[in-house]
Each structure stands twice: as structure tokens, then as C-alpha cells.
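Letters A, B, C, D and E mark the chains in the order given here, with residues in each chain numbered from 1 onward.
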Amino acid sequence: MGAREAIQIENTLQEGKRAERFSLDLDHIGPGEKRRLYEFMHRHGPGNGKMIFLPVDQGLEHGPSDFFPNPPSVDFEFQLNLAEEGGYSGVVCHIGLAEKHFRKFAGRVPLVLKINGKTNIPSAEEAFSPLDATVEDAVRLGADAVGYTMYVGSPRQDEDFLQFMEVRQEARKFGIPVIMWSYPRGKFADKIHGGRDSLAMVDYAARVANELGAHVVKLNLPKAPKEGRYDPKGPFKRYNDCLDLTQEDELRMVVQSAGRTGVLVSGGSKISDEDLLNKARVCLDAGVDGLIFGRNMWQRKYQDALLITKEIKKLMLKY
Amino acid sequence: MGAREAIQIENTLQEGKRAERFSLDLDHIGPGEKRRLYEFMHRHGPGNGKMIFLPVDQGLEHGPSDFFPNPPSVDFEFQLNLAEEGGYSGVVCHIGLAEKHFRKFAGRVPLVLKINGKTNIPSAEEAFSPLDATVEDAVRLGADAVGYTMYVGSPRQDEDFLQFMEVRQEARKFGIPVIMWSYPRGKFADKIHGGRDSLAMVDYAARVANELGAHVVKLNLPKAPKEGRYDPKGPFKRYNDCLDLTQEDELRMVVQSAGRTGVLVSGGSKISDEDLLNKARVCLDAGVDGLIFGRNMWQRKYQDALLITKEIKKLMLKY
Amino acid sequence: MGAREAIQIENTLQEGKRAERFSLDLDHIGPGEKRRLYEFMHRHGPGNGKMIFLPVDQGLEHGPSDFFPNPPSVDFEFQLNLAEEGGYSGVVCHIGLAEKHFRKFAGRVPLVLKINGKTNIPSAEEAFSPLDATVEDAVRLGADAVGYTMYVGSPRQDEDFLQFMEVRQEARKFGIPVIMWSYPRGKFADKIHGGRDSLAMVDYAARVANELGAHVVKLNLPKAPKEGRYDPKGPFKRYNDCLDLTQEDELRMVVQSAGRTGVLVSGGSKISDEDLLNKARVCLDAGVDGLIFGRNMWQRKYQDALLITKEIKKLMLKY
Amino acid sequence: MGAREAIQIENTLQEGKRAERFSLDLDHIGPGEKRRLYEFMHRHGPGNGKMIFLPVDQGLEHGPSDFFPNPPSVDFEFQLNLAEEGGYSGVVCHIGLAEKHFRKFAGRVPLVLKINGKTNIPSAEEAFSPLDATVEDAVRLGADAVGYTMYVGSPRQDEDFLQFMEVRQEARKFGIPVIMWSYPRGKFADKIHGGRDSLAMVDYAARVANELGAHVVKLNLPKAPKEGRYDPKGPFKRYNDCLDLTQEDELRMVVQSAGRTGVLVSGGSKISDEDLLNKARVCLDAGVDGLIFGRNMWQRKYQDALLITKEIKKLMLKY
Amino acid sequence: MGAREAIQIENTLQEGKRAERFSLDLDHIGPGEKRRLYEFMHRHGPGNGKMIFLPVDQGLEHGPSDFFPNPPSVDFEFQLNLAEEGGYSGVVCHIGLAEKHFRKFAGRVPLVLKINGKTNIPSAEEAFSPLDATVEDAVRLGADAVGYTMYVGSPRQDEDFLQFMEVRQEARKFGIPVIMWSYPRGKFADKIHGGRDSLAMVDYAARVANELGAHVVKLNLPKAPKEGRYDPKGPFKRYNDCLDLTQEDELRMVVQSAGRTGVLVSGGSKISDEDLLNKARVCLDAGVDGLIFGRNMWQRKYQDALLITKEIKKLMLKY
């Protein structure tokens, strides 16, 4: 059976029913999780259940030179103002910025506290992001979710699974939703199995988030495998059937692998207005639950960022 | 003494008594364990004490492409419906799927919560599956057992033993049975001692589960050693006496090594209906306590899977 | 956009406002933190909010030969007397010296208890400083802050993040300010990304302290990258725009990356009076919140150290 | 001074007194330890204070092929029946066998719960046996002692010391005696210092058990060093004076190194009746407190094992 | 400034005051610590505040062949009798010997419980001594101090610092003094920086004990660097000024680096009576607080050991 056929079939279950996807009515969304996700999905952002987040963790993950293209963005006030005026579902940042800046905006802009991270100075061959904050920090600060980076397939994946398990259990205790940044990474994913952004790896990352118990997963858009195809004897050989899929169809597969887990797609490095809107459209057509665009927003000047935000939100309202 | 002779003798103890095997009447099966195992052995499945499980952990262990041969299977509802309609002893899945899907089927389909796992992206040379859930998660969700993967012989076996010990103790506290996926794995098992599926390794895996305190062990069918024989100076040289045993006799040895531990045999990758029924017959003839067939079921279309399920259950009723 | 332009723009936010910097009025400075920082900023030191510290951790970090140029300095009484008579904001030392010497000066000289450290006997390729004391030790001894060394970018950075998180949370429990010695270190920082003192690394270190939640960060003055420039394909390539900046402008960038985190600059190895005063002036012009000069003070004879201390404090009062 | 002279002198202390050895009257044998050791030393076994144990941990340590020479032995009932009928001081097994088989024999056969172990699939170069049960498990099951394997000299010896310390403290809390399997192991012991069974290594192992606080130590009989002598510049060069000692004198030295720690000698792989009785005689002449013979017993047919057991017990009564 | 000049100057602080050294009147000596140190300094030993200890940890650290030169010494009674009759400040041993032998001598001979250790079978390149007992064990046994071995500069120094911190805190809770065996060790100290016994390394070790919070430090006598001098570009180049110092002056420097920490000097391997007395004189002249002589005592016959003990104590009374 070809991949294209698979896609079509995947859209239907036996007896023609579609698989149920992410919503506030799912069994595992308790009252605490629902009350907090409601902020992102209905009280902020476009308001129709779709989410749009403004992440500001790049200063830690990439270093301050990510702010060079738009120097005022080095001050988190820039993004907090943009999130409020632009009506984002929420901002995402680490504990230090949250403690030093969030109180002024509390109640007006929802917060996702990113609770693990790293710098990009060491090699990524054995990537692992240790906790730099806890779910209790998030509760204390009034955050409406925690963000967690899982490096799927890294040689240190085992530590990541354990660390995530504790976060998941702690979050459940407090009714805090967990958003997993699910990123294929490490020497095996990067060098052997098509590269971190290949469909096989991104699809797997979606499933990992689903099976480990994330409420929402943040994914990158899948790309062609680095060598043009997958090892025909390797564990991901079946993805060679998918080499001619459109990016939208690839993303649709990924969304199905995420199952009842909400899907956010990240923006990556800065692209033009037109490309960004196209990217948003592809994602929404493929059925994602939200967008999480950082550098593509705050590397623009403030008014430009506001304008493109409005256009994207307008587009989101069509879904 | 030859292996064949050993087999015959192993079937009898001194004074002609057979070794006692797995049952609900064993001393170490407390009321909690019995009440839960009863679900698998008598209230569901064929109902005569034999068990048949439908595992759905392949999305985590192998990635989503395991669902490509039968696209609707990507949605766990497919397997839950199949388990209910087919009358399986239970389904097996990880925490994320259990939280997102199980409530609807609770009471109608028993659940085995698989509480550790990994992806197959990293090398298996130092295999280790970290916990992704706890026994308390299983209790909370109403699971009737926990599943645990032990990589016997891995260089990280020491961490596995310790992790399992804590699971065993926690499970005992709550009266939850523990099913051990006992898999020889790692560079020593794979490259030196006949390979992960050789009789020597599978036989050892059965004994490890027995000695470490599992209630039930899941094993793969033993195969010939990779190089055709075992190192005549190595620690497993005595298995060279077993090179001409039938698979059924090999499995019978393995069952004896498991002692009073229940034995489930897995189905592995998909095979034809006839081969699958033969495999089931060999296992049951060798005295196993149950079957655990995943891909062989849900990689078939729904009605085909139902049909073969019925045939296997009919066969099981003869034992 | 060139780096010079970036600097100018970074000084202003949208609508011409400057980014708010470190002060006792920030939201995250609770009553305990404020009461203790007040000691450093207003009751001791120049008294105008700027801080000047006398660190004595070199005996542990470098060994006793740092005291050879001025032998009486091997006895911590030398520095405690100097700190009291010279009116420093505080002294910095490890637990052993604090327990053995501080009681006599308690109330007259504030104490920063340095709670992690190491010797310089092992290689620095995988640098990590373990705790040698806890926040509770600091509370018990009446210290007004804890000092913590973070080796940014070290291969063991993950352990450092976790260890720091626990320190941060414990410190918050007791209202104790945390001063982070934020030092790029380890084989990646030293050999690939311009060296531990390059602008890219120091700038990153400032941001790490900011995002991980330090109240104050101690930094080294940035220098030119070791190879003269940064890898034009590496993650820090944008810093090649900064190669012709003055040290003061470089430091200004770093201060902006620290955001609302107080910035202290260290003195390094001993230099002449004139060079030291110039260094202080550059730092203060760039907007730092304080100076932390150790060897440059106590490797001078007592009266010489007193004199230069007075000159530096006089200079600080101009800011 | 030659080794032979040393042996003679070691037998006497100053003023001609012999060193006090293991007994129930030693200061560190509390009421709980005494009550339990009494079972082994007086209520079971020969009854004169000497002990004889039947260990059944080889299924875990070596794999099931240790049972091939006498197939009924794969069922732990074989050994339990033998231990009861033969009147052993106790049986030794891991948690799984204890939970599944011991209840029927409780009160009639004392149990030593072996609480750590490993398989022999991985390399022994960095040997370490993790816990697979706890002292609390032993108390719950009514075991009269715990057994612990220490790999003396392994590169992971540090983990072993720590793990043992916790076992020792926990055992003391419950008054449970600790029997240490003290085995030189790992690349340094095996390749550099004469091999794991050399006198130098076994003597050291005896002292380690003594100094770390074991009540009883299980040792292998010392053999000649692998290269015929010890490195004349190495740390064990003094043992070159012992190269012509008889095995009995070597064992006598080892017993002295064990001090007030009870000494058990293991039987190793199966040997003839005559050799086994000789071995027992050498051990008893050298002053050991007991024997622990596994494969040499249960690799014999049941009646043969009973017979040789009786002969050995008869021999023990002469000491 | 030359090293010789440094020595002279180090003896005086500003205004001609000498640095205060170890005594029972120091601020950090609480009532529990004072009451116990008093035993060593005034109730036992010479009685004038100087201490002399008899250590018996060589059986664990070096193996039983250390007892060959004087076979009765293998029984700890030998040393306990010697300590009582000779009037030592205390004996030093590990938990096993303490539990098995100390009760008889309790009240008559003070005990230092050595709470970490290792064998010398593994390589010392990454030396680390794990705990084999706890401070609570020491309190329970009536020990008057705990002994802890720190391997300064080892690649595993970070684990050592953390482990020591916990010991220090636990000891403080119970008012138990901590004696640190501060030994430069590991591949960096041994191969690069002059060797483990060079002045630079021993001086550093003294400072580490001082800064980490030991009450008393045990050091080896410094020797010339292994290559005749220190790397002139390395971190210890300043010690090249000390190459022509006498051993007494070197030790005097080390004592100054120890500050208010008591200093004990070890005897090392056995030397002649005359050399031993000379060694003691050099140490006492240099200002140490005590001696800790093991093999030099108990490798002598009992009466010889008593005699030399008396001579050394007589000598100590002159200081």
C-alpha cells in the first residue's frame, strides 16, 4: 500500500468515523487543565479554540545574538507588550524572565513557563535539557501551562523520559497542562535516520508526545530526509513510500500520530511575510491546533510584528 | 547427558512429580494479584485460564510506521474496539494512550499499563527502558497489571534490576501483578552469546523473570544461535547440546526455567494466518499460559483481525 | 544592521523608553532579598546603590600561591580587616573560612557565602563546581547572599543547571539573594566559540544568569575572540559584526543581556593602580552595578590596598 | 621474615593468646542477629556451631544451563526438599524463588535471601551487582539473613561500598545478619594482581568483609597467582613469600584476615565425592565456620546429594 | 619576592600579630566538638593539647600484607592494647573493626571512626573513597570524631566535595569533629603538577581542608616535585621559588595554609627509630598539632612500639 493511500485511509476509522482529536472535552482534561487551556484557546488568541503563542526562550537556547536583528527585543517587555497588544494566547519564557517581568502583565497575558532548557554551546550529539524550574514554580507564578523539551532519540533519551514522567505527574497534581517541545535530536537521529526534521523523525516525535502523556505537542514542520531517502534496511524504511508527499500531507500524518494531543507548529528562523502566512495556512489546513512563532515575530519591528500577527489571527479564524 | 534427555527428565521431579507451574493458587499470589489476574484469565479472553493480550506499545517502541500496513490502527480506538469485540484478556499501552482513550472502555476491557519504554532511534547496544509511568498511575487508571521491559544482559542491566526492584515492591504494595517483557539485549547478548533470540538467551531471560519476582513473563520464541552454535568455551556452551531440538521442545525448556512464573509468548512481526495459528499451537503445546499478539492482529483489517482472534481463542480453549 | 547600530538601538525600547535595569524596586525582589541587598548597596560600600565586593575564594580555586605576592593575605583576617576598614559592600568566602573567621566581624562586614567551588588541579574541559555548602549554611551564618559558580557551556552544564535550580528555590524560601559567577567554560566554549572571555561567550553568560533567575551576575570583561573572529558558519557568527567595538560598548551589550539582573565585573589578576582605576571607570560607564576585586586588592600591601579602595569608592560615587 | 613464619606467629597474639574469632558471644552480635544465627548454627546444620548452606542463585548468576547436569534441579523444590531432608543450615536464593516457593518450607528450612545479583552475560571487567531485593523483603519473608555480593577491587567498587553500607545499616535496624559474598573481580584484580582467586586477592576480600562490617563472609579457596607470582614492584609483592604455602595454610591466613567475621567457603563447580570431602576437610582444618556447597550438591542426583551431605555433616561434627 | 622571604612574612600579620591557629577556643568549636576534641588533646595523648593517633585502616586501604612484618598486628586487639597502654589520643578504624572490637575498650581509648575508604586494587587515576559508614554510626559507637579521606584534585573531586559537605553538615548536627585526610591524588596531581606529595599539592590540600570546613587535617610531609621543578607555565609555577626550602619550612607554609584547622602529620611507611623521632621533631618545630603514626608503630613488636611511643610523647611535651 502506498503512502498516499495510507493518508487517505488514516483519515477514516472503521465505519467511516474520523479519529477524535484534541479538544477541551477529552476524558483526560481535568477541570484544572481545562480552565487553563481555556485561557489559551478561548479567552486569548483568535478565540475560536486555535492557539497562537509567542516564545522567548531563544536567549537561553541560542544566545543573545538572536536579538541583534531587532535590538529592542532583548528586553522581554518588547514581547510582553506585543503579546498583549497582539492578543496572543500566551508568551513562553524561562523562570528568570518570568520572575523579573511577568507580574506587570499577569492577568492580561497568559504565561507558559518553560521549565527545562540548555545553551547551544555544547555539542548536540547527546542532547538533554535539564530542568531549570519546577511545576510548583509555574503554579506560584500563575502560569497556565508548563513547557518541556524532549529530545526524542537522543542517547540520553532515557533521562529525558524519567525527567518528563516526574513533570507529568507533578503537573497532574496541580491541574497544569503540559506542552511538550518534541524534538528529534542526537547523533542517531541526525546522522542515521534522515535527520532531525525528516518526516520519520517528526512523526515519531509526535507519537512520543502522545504516548508519554503530553497535552499539547510543539513540532517542527517535516522536511525531506537528508540523504534524499531513508536507509532501505533501517527501521524507518517504510517512510520511503512518503518521499513524494506534500508538506501538508506529511503534516496531516504527523497530526494523526499525535492523536488526541494538541499540535502546535513552530515558525523556525525568520522568513518573509508571505512565506510565513503560507506556512500558517499549510499548518491549519493540515489540522493543527495552533502556531508558535517567535523569531518570525519579534525579529520584526514592533508595528510590523503587530500587523503580521493580525493577519495570522485573521487567517486562524477561518478554521 | 544430551539435551533431549534433559528435556524429558526436566518434566519430572524426583518421585515422578511434575514441577508446579503458574496458577492463581500459588502462595505468592495475594488477594489483589488474584483478583486482577482473574480478570485476564477467567473474565476475559478464552476464559479457561489462558490469556490473550493485544499490545499497542509499538508506536513508542518502533515509531508510527508500524501502523502503515493498516492505517486506521494509528487510532487506539481501533485496538480498543477490537479488544472488546474480540474478547481479549486485555490491552497493553503506555500512559499517554491510557489517559486519553481508556476511560470509555474501562470495565469492558482490562488494561495492562506498560510503565517503561524507549524509542528505537538510539543504538540498542546499551539498551535500557526508563520508567514513563508508575505503579500508582496504573492503580489510578484502574489497570489490572503493569508491564515492565527488562533488557537482560544489557551493559545497563544493573540499572534495570534496581528499577525493576522498585516497581516490584510498589506493585506488591498495591496488589498489582507485574508482567515482565524479558528481552535479552545489548552488545554482549547480540554479538557474543548467540544473539538475542537464541535459546540460551531466551532461556536465561525466563529464569531472570522468575528469580527477580515477576508474576508473568513475556518472551520471544527461541531461535537457532546466530553463528549456528555457541562458543564452545563460553558460559553457554552447554546449549550446543540443544541445537537439534524442535522449537516446541525449546519452548518447553524455557517454560521450565520460568518455573511458577506465567509465560506469554509474543507474536513478533506479521505472518500469515496459517503460520500464526501454527505458532499459537506450538506455544500452547509447550505449555505457555498465554499469547500476546499485536502487529499480527492490528496490522490486519478489522474484520480479518476479529476472525483470526476467534480462531486463536477457539484453539486456546482446547488447552 | 551593524553591531554599532545595534548598540544604539538596544539602548532604547519602542517609544524611546530605556529597558528597566536592576534595582531594589523590581517585582521579584521580595522583602528578604531587599533587606539583604540593601546592606550591600546602601549600608556598606559607597552607599549610593553601587556595590564593591572583596572575594577570597582564590585559595580554593587557584591554591595558596595566590597569597605569595602578599604573604599576610593567607590569613583571612587580613581581608576581613581590609573589608571593614575600607568599607566594602561585603566579603566573599567558602564555608570553612566563614565558620572559622566571620563571627568576629559579623554585623560589621556583610558576607556572601560562596557555596560551590573546585580546585584547579583537574582539567577544565568538563568544568563543574559541586556544592560545598548550602543556602541553610548561609542563613545560619548570617550571610546576606549566596554565591554560585555556573560554568556556562560546559559539557556538564546540565548538572549545573539542575544544581542551580535547587539553590535558587532554596534561596527564595529564605529570601536570600543569589549572585551567579557566570563563566563560559569547557572544551566547546574554550576551543570552538571564541574562548571563554570572548564577547559572544560573556554575552551568553549574562543572558543565562538572567534567564535562570540569578539576582546578580558576576562577569569577566569581554575580550576579542581567540582566533580573531568567530566561525562564520557557527551559531555565534553574528558577533563578527562586533569585532571593532570598544570594550565599554561590548560591556554595555552584556549589561543589556543581563536585563534586570545586577551586574558585577571582576578584576582578574593583579594590574597597576592606573589600569585598575581605568577598568573600574570603563565598567561604571557601561552601567554595571558593582565591582568585585580580589587579587587586585589583597595582593597589595594593606595600606596600598586601603588607598586604592578609597579611590575606587570615590569614583563609584560619581555614578 | 618468611610467610611460613608469619603464619605461625599470626596464630598467637602477644602473651600467647589466640585472636578471638567468630562466635555468638561477640559484642556486635545483638539479640536479633544472635537469634537468627542460632538457627543456622545450632538448630539446623550439624548443630555444633558450624554451618552448611545450599545456595541456589546460579540460575540468575550463570543461567539455567547449570541445571542441565541434573534436570530436576531446575525446580527449586528439589533443593528445598534436599535442604530439609539433608538438614542444611539454610538455603540461599533470590527474591523470586523465595516468594514463589519458600512459604511451604518456612519454619523447616531457614532462608538466606540473596539481595543483589546479576547475569553473566555482560563483561565482568567492571562487575557490580545491583540490589534486586531489600532487607525489608527479607524480614517480611522470614529470612534469617541477607546475602550480599561485593566485587572487591572492581572499578565500580565505590558504588558497591555505598550500596553495602545502606544494606548493613538497614540490616542492623532489624537485627538481620549480613553474609557477604566477597569476590575479587574486575579488570584490575583479574589482570594485574594475580587473578580473582589468588591468595592476595582472597585475603584482601576477607579483610574487606571484616572492615566493612559483614557478620559472615563467603570466600573462594585461594589459588596460586595466574602468572606464577605477583608483580615484585606492585602493592601485593609481599605475597611472593607465600608461593609455597599449602592451601590449608593459605586459608588459615585468610581466616585470620577475616578476624571476628564468620567464614564460609564455597564449593565452586562440581568435583568428585572424594575431592569434595577433602576440600571440606581442608577448610575445617583451617578453621572456617561453615561450607556453602551448591552445584556440588544439586548437580548430583537426589539420593547421591543426600548421601554426600550426610558425610560432610558427619565430618563437620568432628570440629 | 622569594619564597624564603614569604615564609618570614607569613609568620606575621599586619601590625606584627601572628595568625591565630587551631585551639579549643575558636569560634567554630561548639560544645560538642570541644568536649570530644578535649578527649584527644587533654585527657589522652601527651595531655598538653598535642595529639597522637594510632590509625588502623591499612587493612582496607592496602590489604592484609601490611600486617606481615608483625603478624600479631592483624588482630585489632594488638593496636587497641597498644593505644591503651601507650596512652594514645585515639585509634582510627573503619566500621567493621569498630563494631567487632571497640566496646571492650570504650571509655579507655577514644575512637576516630574512619567513614570512607577503598581498596588499592583499582587504579588511583580517578581516586574516590565512598562512605562505608555514617556520622550516625560514629555517634552510636561513641566515637569522638569522624575521619574522611578527600582526594584533592582527583577527576572525581566534585563527588568528593559533595559527599564531604553532607558529612560536615551531619557532623555539625551532632557536634562531632571532622578530621580530613586531605590527599592530592589522581592523574592530574600525580602526573602534571609535581606529584601527590609535592609542596604545591600538599599546600593546596591543606587549604582545601581549611576552606571546606574540616576541624583537623591529616597531611603527608611535602617532598620535592617529581620532575625537580614545577611547570613554569602551569598554575603552580610560583612554587619554583620554594625548591630550596627545608622540609621544616615547607611544612610551616603548609601549616599556615591550614589556618585555624588543626594539622596532623602522618608517618608513612616504616622507618628507623631515629628517623621517626627526627620526623616528629621537624613536624613539631613546624607547628603541627599532632602526629598520626600507624605502620611505624604497629609494624614494630609490641614492646618496641611501646618504647618509641613513650619517646615521641616525651618529645611532644616539649611543645
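The rule is simple: a contact is a pair of C-beta atoms (placed from the backbone, for glycine too) under 8 Å apart; a residue touches a chain by one contact, two chains touch by 3 or more.
Note that the structure is predicted; figures quoted are calculated from it, not measured.
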Work out which chains are contact partners of both chain C and chain D.
E
Under the document's definition of touching, what chains do chain C and chain E have as common neighbours?
none
Rotating chain B so that its CA atoms sit on those of chain E: what angle is that, to a multiple of 5 degrees?
145
Mind checking the centre-to-centre distance between chain A and chain E? Centres are C-alpha means, answer in whole Å.
58
Counting in whole Å, what is the centre-to-centre distance of chain A and chain C, each centre being its mean C-alpha position?
36
Touching at least two other chains at once: which residues of chain B meet that condition?
none
Could you spell out the chains in ring order, with the walk beginning at chain C and its first step landing on chain E?
C, E, D, B, A
Residue numbers of chain B touching chain D in their complex, please.
1, 3, 6-7, 9-10, 12-14, 19-20, 26-28, 152-155, 157-159, 161-162, 164-165, 168-169, 184, 186, 188-189, 193, 200-201, 203-204, 206-214, 235-236, 238-239, 241, 253, 256-257, 259-261
Chain D partner, complex, touching residues on chain E are 57, 59-60, 62-65, 67-69, 71-72, 74-78, 81, 93-97, 99-101, 103-104, 117-123, 128-134, 137, 302
